[in-house]
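Both complexes shown next keep subunit A, but they swap its partner, so subunit B is in the first and subunit C is in the second.
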Partner chain A sequence: MDGAKVTPGRTACLYIGAAVLRLVIFTLLPGLPDLLTGRVEISTPVTSFKRLQEGLFLYNHNVSPYDGGVYHQAPLLLPLFSLLPSITRLPIFTYLLYIAVDLLSASALWRIADSGEAGSSALFTSPRREKRWSGLVIAAVFLFNPFTVATCLGRSTSVFTTCAILHAVAKAVSGAPFGAMVAISFASYLSMYPLLLLPPLVLLSYDRQHSGRAIKSAPKFAAICASTVAGVLAALFQLSYLVTGSWEFLPSTYGVQLTLSDLTPNVGLWWYFFIEMFDSFRSFFLAVFWLHLSSYVGGLTVRIRRQPLVALTLILGIFAIFKPYPSISDAALFQAMVPLYRHVFPLMRYTFVSTAVIMYATCLGPAFYYLWIYAGSGNANFFYAITLVWNLGQSLLVCDLLFAVLRDEWEVERPEMVGKEIRQI
Partner chain B sequence: MSIQQPPDNGAGHFESPAVTSDSVTANSKDGAQVKKQPPPEKASDVRRRSHIILSFWLIILLLGLPIWWKTTTIYRADLPLQEMLDWSDGKACRPVFPLRISIQANSLQEQEAQNLLRLTQHALDDLNDFSGHHLRLQLAPPSATEHHNRESVLTIRLVPGDATTAKFDPHEPILDITYPSNAIPSPTSSSSPLATYVAGQLRSTFAEEQATISYLLSTNSIPSDHRPQGLSSDISDSLSKRTSRSLKYAPTYHLTFSLFTSGPLPSSWDIDGAIGEYMKPVLDVLSPIHNFTIDTQVQLYATPGVQNQVLNKEDLSSFINAAEWPLSPSIGGAPTVNFIVFVGDQTIAAPAQSSEEDGAPEPSSHSWMMPQWGTVYLLPLPNDTSHLSVEALKQPLLTFTSHLLSLTGTPQSGSLPLRLSTLSRIRSADLLLRASSTLGSLARLSLALPSISIPSRVADGVSKTMHHLRLACETLGGPEGLAHARIAEAEAERAFFEKSMVGQLYFPDEHKIAVYLPLLGPVAVPLVMGLLNELKAWVKRRKEAAAVGRGKKME
Partner chain C sequence: MRQFLSFLWLSLLSLLVIPSSASSAADYHEQLNLKPLPLSALLASFNFRSNTTLSEFEKGNFRFFPRSLGQILQHAGTRELHLRFSLGRWDSETWGARPWDGAREGGTGVELWAWLETDTDEEADRKWLTLTNALSGLFCASLNFIDGTRTTRPVMSFQPEGDHSTDNNMHLLYGVLPHEVVCTENLTPFLKLLPCKGKAGIATLLDGHKLFDASWQSMAIDIRPICPPDGECVLQIEQTVDMVLDIHRSKRPRGNPIPRPPPGDQLPCDTSKPYNSHDTCFPVDHTSQEWTISQLFGKTVKGTCPLTDPTIPPVCLEVPHSSSVFVSKDVHEKKNADRLSRCFHISPDTELEIMLPRSEQDASSAITTDIVTPETPLLYAERSFTGHGQERGGVQTILRNPSPDTEVEFIYMESLPWFMRIYLHTMEARVAGQPHANKSLVEQVYYRPALDRARGTQLEVRMRVPAASTVFLTYDFEKSILRYTEYPPDANRGFDVAAAVITILDPPQTVGRFAAYTLRTTSLLCSLPTPDFSMPYNVIIFTSTAIALAFGGMFNILVRRFVAADEAHATGLGVLLARLKGRLKGAVKG
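Showing the complex of A and B:
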C-alpha cells in the first residue's frame, strides 16, 4: 500500500477531475477533437468516429450503413448513437457518453486492482505482493494517461471495447463468471479480437469462483462459459440482423479485419507488409499473421496458468502490437493493466529503455507522418520505421513484464536465488 | 525463466511427484556442495513445457498447414490442349469456301442450259488449282426473276445479244453476259467458246479473293498439303503490301472527320448531312463486319506540317501536323480512322513517274491516303466561303468512302456488292485463323509454364471459342460464319489476355524462398529447435527409464 487511504471524497475527486479535464478540452479547444479524430494513430478504419458518422447518416436515411464500404463497425453502435442528439447541433451529449465510458473503464480497473488478484491468485501468492498501488492510483494512471485522453477526445469507438474487456476482467475477479462471459461477448462483438482472451479469462473466472456455488469440474466450467459466450454472441448477431436487415454486416465488419481490405496506415505492422505483398501470397500471409497473433494465447495461458490475469495482460500487450488495426487506445489499455504489477517492477530490467523508446516514438510518429503525407519530403518508410520503433518499445515492455513475473514465480521455488544475477538459457 | 538441464542423477525422480519434494531438499544440499549444478526440473515443469510446445505445433499442424495448402496451390483449369493445338495447326478445320453461282438463262431451253452449265463447270474445274476455294454452278429456276438468289454469291444472267460481252450490275451481285445466238453449244459438243468465256470471267472475278485467301492461309500455320500452290511471288508481295496498308481488324472503328482551315473561314460545315448522304450507305453494308462510331471537329488557323505551295510526294507524309492538330490516336479502345479536309491553297505536284506499283497509296490531285491511318483531302475554296454545304463536301466524302473501303481491306476488283461479300469471306477466314492461332498460343503457354494459374474463366472462354470456331468452320462463307468467327476471336482474345493470368507471371521456386524465408524463417527456428530439444529429452528419459527398469530387474 502506498498509504493512500481511499475515501469517498477522493474517489469523487478523481472521477470529477478526469471528467472536467476532458470537458475543458472539449469546450476550450473545439478544433482539437476533430483534429484527433483524423489522426491515423487514434482512428483506424475499424474504430474511426468519422466513419461512424458516415454509417450513422446512411442508417438514419434508411440506406444500409455498409453501402459505400466506409463503415466497418458493429451495427448496434448505430441505434445507440442515433438516440443521442445530433453531433453537429449538440455535441455535448456525445462528449458526455465518451467521458462516461472512460469513467466506467476506470471503475472496473479500480475493482481489479482492489481485488489483489495481481499479487495473489488462487494458485500463486507473490512474496512481494505487499508493495502495490491502490485502486485510486491505478485508476488515476489510466484516466490521466495521455493516450487514454487522446483516444477519448478522438472519440474512437475502441473505448467501448476497452470498457467491455475491463469489465469482463473485473467481473471475473469478483467471482461472477456469467457477467464476465457476457462482457467479453460484447467486446468480441464490437471488435472480434477479444475472443482470443477467452481461454485465460475462463481460467481466471474458474479460479475466482465463489466457494459456495463453484463448479468443480474444469471442462464442465469451460463448456458452460463457451456456450454462454456463443449464446450471447448469437443473440447480438440476431439483434444486428434485425437492426440492419441483412447479414451484410458480417463481411463488412469482421471480414475487413480478417482480410485487411482497408490498407489505411496505422501504428501497427500489417498495413505496410500487405502493401508490398505479392497478390498471390496475400491470403497465405493474412492467415500467417492471424495465426501468429493467436498462437500466443495457448502458450501464455499454459505457461502462466497460475496467474491468469498476467496472461490476460500480456495478451492485451501482444494485441496492441500485432493486431491488424491497432491504435494508441490498445496501448493505453495495456498500459492501464501494467501498473497492477507494481510489485514486480523491481525485477524488470529495461523499464528505462522501453519507456524512453515509447516516448520517443510518440513524439516522432506524428512528425514523420506529417513529413510523409503533408510535407511530401518523406515517404511511407518514414512512418513505418517509427511504427516499428513504437512496437519495439511495446514488445520490450511485454517481454520485460513476462520476465519479471516468471522470475517472481521462480524465486518462490528457489528462495536461495533471490537477488542473484541469473542467466537465461 | 531459466531452462535448466536436469542432471543425470535426477532422472529417477520423475516417477512420482511425491519423490520430487524429497529431491528438492536433497538437491539443495547438493547445490551447496557443487556450486554450478542447478537443481533438477520438476516433473510438472517438464510437462508444462511439452504442453506449450505442443500448443504451438498444434496450431501449425491443424491450422497452418491446411491454410498454406489451400491458399498457395495454383488453380489450373483443364484445357483441351490437344484440340487447341489442332486448331492452331489447321488440323481441326479445313477452310473451304463453297461458292454457289447461279446461272439464269431464261431464253435457253432447259436442256441447252444444263449442257452449258456442265461445260462451264468443266472449264472452271480445269482452271482451278485451289481446293479450298470452290466455285459451284447451279441453274436458277427460270421463274426466279430480277432478284438474285440469297443462297448464291453471284448470279449470271445470260441474255442473247450481238456479241459476247460481260457487265456487272452496279447494285446487285449480278453479272450480265450477252452472247450471240450461234454461241449456244450443241448438246454433243465437248467444248464451247461461250462456256470458256463464262469460266474465264468467273475466274478473273474471283481471282483476287482466291489469291487473298491463299495468302492468308499461307501466312498462317496451315499444313502444306492443304496449302494452295503456285502463289506467285509478285502477287503475294502486292497482297502483303495491301494487308499492311489496311487497318488491323477490329469489331469497331472510330471515324474522325476533321475540318482544318488555314484561315478564319470556313467555320462551319454540314458534315452530318454529307455523311448521311454519301457515306451512310457504305457504312450500312459494312455493318455486319464492323461497327462504326463517328465524331467530327473543326479547327481554324491550322498550320500544316509542310508549308510548301506545291506538295511533293515526300511532303505528303509530313503534312499532318501531329504536334498541333488534335488527332487522338484512338478513342475508347477502338482504332481511329482519320478523315481530314484541309481548306487551303496548296496543291499536289503531279506524280513524276506514273509507274506506281499496284497497291501503293496513289495520290490523286486532291487527296492521298495514309496507310492504317486515314485520308487527307485538300479542298481549294474561294476565300469568302463561310459554310461548307453538303454539295461542296460531296467529292471529299466520296473519296473518303472509297479510301475507307481499302483501309478496311476490301478487294479492289469487281462491283461493290461483290467486293463487300468478298470482304466478309476474307474477314471470316482471317478471324478464324487468328482465333485458332490464339488458341494455339494459349495451349503452348500453359504447356511451357507449368506454374501459371489458369482460372475457370479461361477454360470457359476456350470452350466457347472452340464451339464458335466449329460453327464458323461449318458455315464458312455465309453471314453466320462471320458472326461465329467474330465471337470466337473475341472470346479467344479474352481468354488469352485474362488479367489474373497475366498478373501472376511465372514465379520460380527460388523466388518462393525469398517470399517465405524472411518471415517464416525466424519464426520457425525457435519452434523447430524447441521441438527437437523436447524430442531428445523424451528419448533420453525413455532410455533412462528402461535402464532403471533393467536395474530393478537385475536386483
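Showing the complex of A and C:
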C-alpha cells in the first residue's frame, strides 16, 4: 500500500464509492437518517439536525429562533438551508449537500496527506517518514469510517465545522495562510471551540509560507493572522446580525457552550458532571473545565513546536474528549488525522488497548443508553460509565500518539536508541 | 344646638339613604342547581354572587364583597380576576356539555388569570408577583410558585368578561399549577369569603369530605366590573362550586365506607338482556337516580342565608316534570315553564330536604325518562402522549366535532413547561381517515418558544374542525434532563403538564350568558430522564479522575525527558527495598 500510485481513475472511484454508499443508505433505509439524527452520540444540542429544522421553521415564520431554548447553531446556517428545497418534500438536496461536504473534507485531508507535512515539517524530518500511507488511503479511511458515515447520515451540522477545520489545515500546509485563517474563522464561527486551534495553525502557516512572499518576523506574521481571523469573524457576525436582526444569537449560540445550560446527554464528560454539580460550585467548575480544555493548547504548541501539525492533531483529539458537547463526529475527525502518522505507529505502545476500549464503548454505549432511557432497567450511571470508558480510551490514544511522536523526535538526536528500552525522567 | 340638629338630620338622612341604595346595587344571592346525569351521577352547582358599587369599593366600603380579597385586588391593581381550583375529569361523553359553558371551570390543579392595569410589562410582572403571593396566603395554595416559567400572556384565548373602559392599559397574565392538589385547606378560605361564611344557606352542604370525594369538582372565583348601560358600575364577585357526585359512592355511610355487593335477592336486574333468568343477572343499579340531599351531603339545607335576595330560589332541580320529587314540609315548589326543571323556595329558618324516589318505570328504560338528556357539547377533546421512553415523545390531541352540519372554529392553547422542548415544525393537523396533514385546518398560530429555566412554551392555535369529523393535532417534543437539584423529591412520578384550554369562537347563542364556550383537556404526566440522585460526590470524583488521568498522562509525557533505560537513576520498588535493607544493616551494625 505504501506509495501506491494515485491515478485519476482511483480518485474518482473513491469519491464515487463514498457518495454512492451514502446515497444508497439514504434511499434504501429512509428511516435511518432520522433515527441517527435522534441519537445522542451523533446529535448534540449544538449540532442536531432536528433542532436546525426547528430553527429554520421559526426563521421562515418570522419568529426569532434564538428567542427560545431549542436552536443553538450559527445564524448563517439558516439562510443556507432555506435556499435548499424543503427537507420533507425533496430530501435529496440536503443529502447531496451533506455528501458533498464529506467529499470536500476528504479532499482537504488528501491534500494534507500528500504534502508530507506529517513526516517532514519545516523544522523536523522524521527518519521514518518513508513509511506512510498515500492520500487515497487516508481519504478512504476517513470516508468509510463508520463514525463519519453515521455523522453524515445523521446530518449533524458538525460536518461543516469538520470541513472548515480540514480546509484550514490544508490551506496552511499548502502555503496559503490567508485561506487558512479564513477557513478557521468559519470553523470558529460555526462552533467556537476551533478558535483554540489558532496558535498551532499560525505556526504551521508560518513554517509553510512560500519562500517568495514570506513574512520573516514571526510576531508580525502572528499579528496579521490574528487580525485576519478577527476581521473575518467580525464580518460573519455582522452578516449574522443582518440575517437575524439582533445580537441575541451570541448568547444563544456561544453562551450555551460556555455555560452548558442544556444538559442533554452526549458522549462527553461535561453533562453528567454538571447535572450532579452543586449549584454554588457550578460557575467555578465551568471555568475550570474551560481552562482545562484550553490549557493543552499552550503546552502542546510549545513542546511540539517543530511539528505544528502534530499539535493540531492532538488538540483535535483533546477536543473530542473534553469539549462541552462532543459527538462521534469529533472522534471521526481525530481518527481521520491519526493515519497521517503511520510512520510512528510502531512506536505506539497501547494501540491494542485503546482500539479495544474504543470499540467496546462503541458497542456498549447505545446499549446502555437504551437500558437507561427506554428499558428502564438501568439508570443514568450506566451511560455515564460507558462515556467515561470511551473518553479514557480516547485519551489513551491521544497520549500514546504524543509519546510516539516525541520518541520519534528524540531518536533523531539519539539514533543509537532505536528499538531500545527508554525511560522518562 | 342648631349644628347638633343639622347633624342629627344628616345622620337620619344617611340612615334612610344608604340601606336603600345598598339593597339596589350591592345585592347578594346564592343558588344550588342539582342536575341528575346519566349513570347515577349528579351535578351540583353552587353559585354565590354579590355586587358592590365601584365607588364604594374604592372607598373601602366592601359590604358583601370580602374585604381580604378586595384589599389584595386594590393593592395589585387587578381589574378582573379568575381563580380556579379543580380536580378530576369532566366525562363529556357521558355527561354532555359542561356547566356554565365551561366558563367556570379550570384544569386539574390551580389556574389563575387576571387583568392588571399597569403602564408597562415589567410593572405588570411585579404586580402579578404581589397578587400571586397574596392569593397564595389567602387560599393556602402554592400560588406563589407561579413564577416566570409558569406565567404566560395569552394573546387570543381569554377575553375579559367584565366591562372595561377601552383606554385602560390592561395586561392579561395567566398562570397555572397543574401539580397542586386541591383540598380542604382551599375550601375553608373559599367559604370564609361568603357573607354567611358557610354557616347558613346552601353553603352548609359544602363539606370537604364530600366535595373532594366527587368524580369531578371545580371551585371558581370570578371578579369583574359590570357597567349596566343605565346606572353605576358594580364590581361583582361570583363564587362557583361545581361537583359531580357519584350517587352510590356518596350514599355510603361514613362509618362503613367499604362497598359491598347487595345480597342476590335485592339485586335489580336488567330484564332486557337475553341471558336474564333466575340465576343470571345483569345489574342495572348503577343507572338509578334515587337519593335524598341528606344521603348525598350528609345533612339537609338549614334555612337560607339571611342576606340573600329572597326572590331567588335557593335550590333548583333539573328533572322532568313527569318524575315525582318529594320535599320536606314548608317548602314551596315552583315548576319552571321549560317543563324540565323546578325550584324550591324556603323561609330563612326551615330545613330543605329533597328526595328522588326510585323511578317506577322499567329499569332498562330508566335513562330516557328519569333525567333530562344532557346537551351535546360543541366539541370533544382528548389529549395524550405518544411514543415511549424518556428521551422524546409526542402530544396528540383528538378533537371531534359531533355536529352534523356546523363547523367549529376555536383557539387551542397550551402552556407547557420549559423542559418539554417542542418542535413546532412537526406540528400537523390531520382529519381522521385521511393519510396526509391538512394545512387548511390550522388558520393561525401564535408561538412563544420556551427559554431554559426562564419561561415556558406558549402555543395558541386558531383552527377549525369540519362538521361531523375528527381532527388529530400532533407535535413532537424532546424531554430535557435537568440539574439534579431541579427535580422534585418524587422525581420518578413525572411532571404535570397543564391542561390545554380550548376556546370555541362564536358559539351558537343558546345560553347567551357567556361569550365563549371553553373546555379543557385533562392534564398530562410527563416523565423525564432522571440522573442518579445518590451520587453527586461519586460523579464528581469519577469525572475528575478521568480528567486527571488524561491531563497527567499528557503533561507527564510533555514535560519529562527521554533517556535510555540504563542511563536513568534506578527507581522502583526493588531499589527502594535495597536501600532500606542497606539502612537497616547499617543501623544494626552501628
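Rule of thumb we're sticking to: the second predicted complex is superposed on the first by the 423 of 425 C-alpha atoms of A that agree within 3 Å, B and C clash if a C-alpha of one lies under 4 Å from a C-alpha of the other, contacts with A are read in each partner's own complex, and residues count from 1 in each chain.
Note that a contact is a pair of C-beta atoms (placed from the backbone, for glycine too) under 8 Å apart; a residue touches a chain by one contact, two chains touch by 3 or more.
Since the structure is predicted, the reported quantities are computational estimates derived from the model, not experimental observations.
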item: Overlay on subunit A: subunit C relative to subunit B, clash or fit; value: clash
item: First (subunit B), second (subunit C), both or neither touched by A:Ser283; value: first
item: Partner chain(s) touched by A:Leu56 [first = subunit B, second = subunit C, both, neither]; value: second
item: Subunit B versus subunit C as contact partner of A:Asp262, first or second or both or neither; value: second
item: Subunit B versus subunit C as contact partner of A:Ile275, first or second or both or neither; value: second
item: Partner chain(s) touched by A:Arg423 [first = subunit B, second = subunit C, both, neither]; value: both
item: Subunit B versus subunit C as contact partner of A:Arg407, first or second or both or neither; value: both
item: Partner chain(s) touched by A:His292 [first = subunit B, second = subunit C, both, neither]; value: both
item: Contact breadth on subunit A, by residue count: subunit C or subunit B; value: C
item: Residues of subunit A at both interfaces, subunit B in one complex, subunit C in the other; value: 278-279, 292, 295, 299, 303, 402-403, 406-407, 410, 414, 422-425
item: Subunit B-facing residues of subunit A, complex; value: 278-281, 283-285, 287-288, 291-292, 294-295, 298-299, 302-303, 305, 402-403, 406-407, 410, 413-414, 416, 422-425
item: Contact footprint of subunit C on subunit A as seen in their complex; value: 38, 40, 50, 53-54, 56-58, 61, 63, 67-70, 261-265, 269, 271-279, 292, 295-296, 299-300, 303, 318, 321-322, 372-374, 376, 379-381, 384, 388, 391-392, 395-396, 398-399, 402-403, 406-407, 410, 414, 417, 420-425
item: Contact set on subunit C toward subunit A in their complex; value: 388-392, 418, 421, 423-425, 445, 447-453, 480-485, 529-532, 535-536, 539-540, 542-543, 546-547, 549-551, 553-569
item: Touch list for subunit B against partner subunit A, complex; value: 1-4, 28, 31, 39, 42, 48, 51-52, 55-56, 58-60, 63-64, 67-68, 71-72, 453, 503-504, 507, 515, 519-520, 523
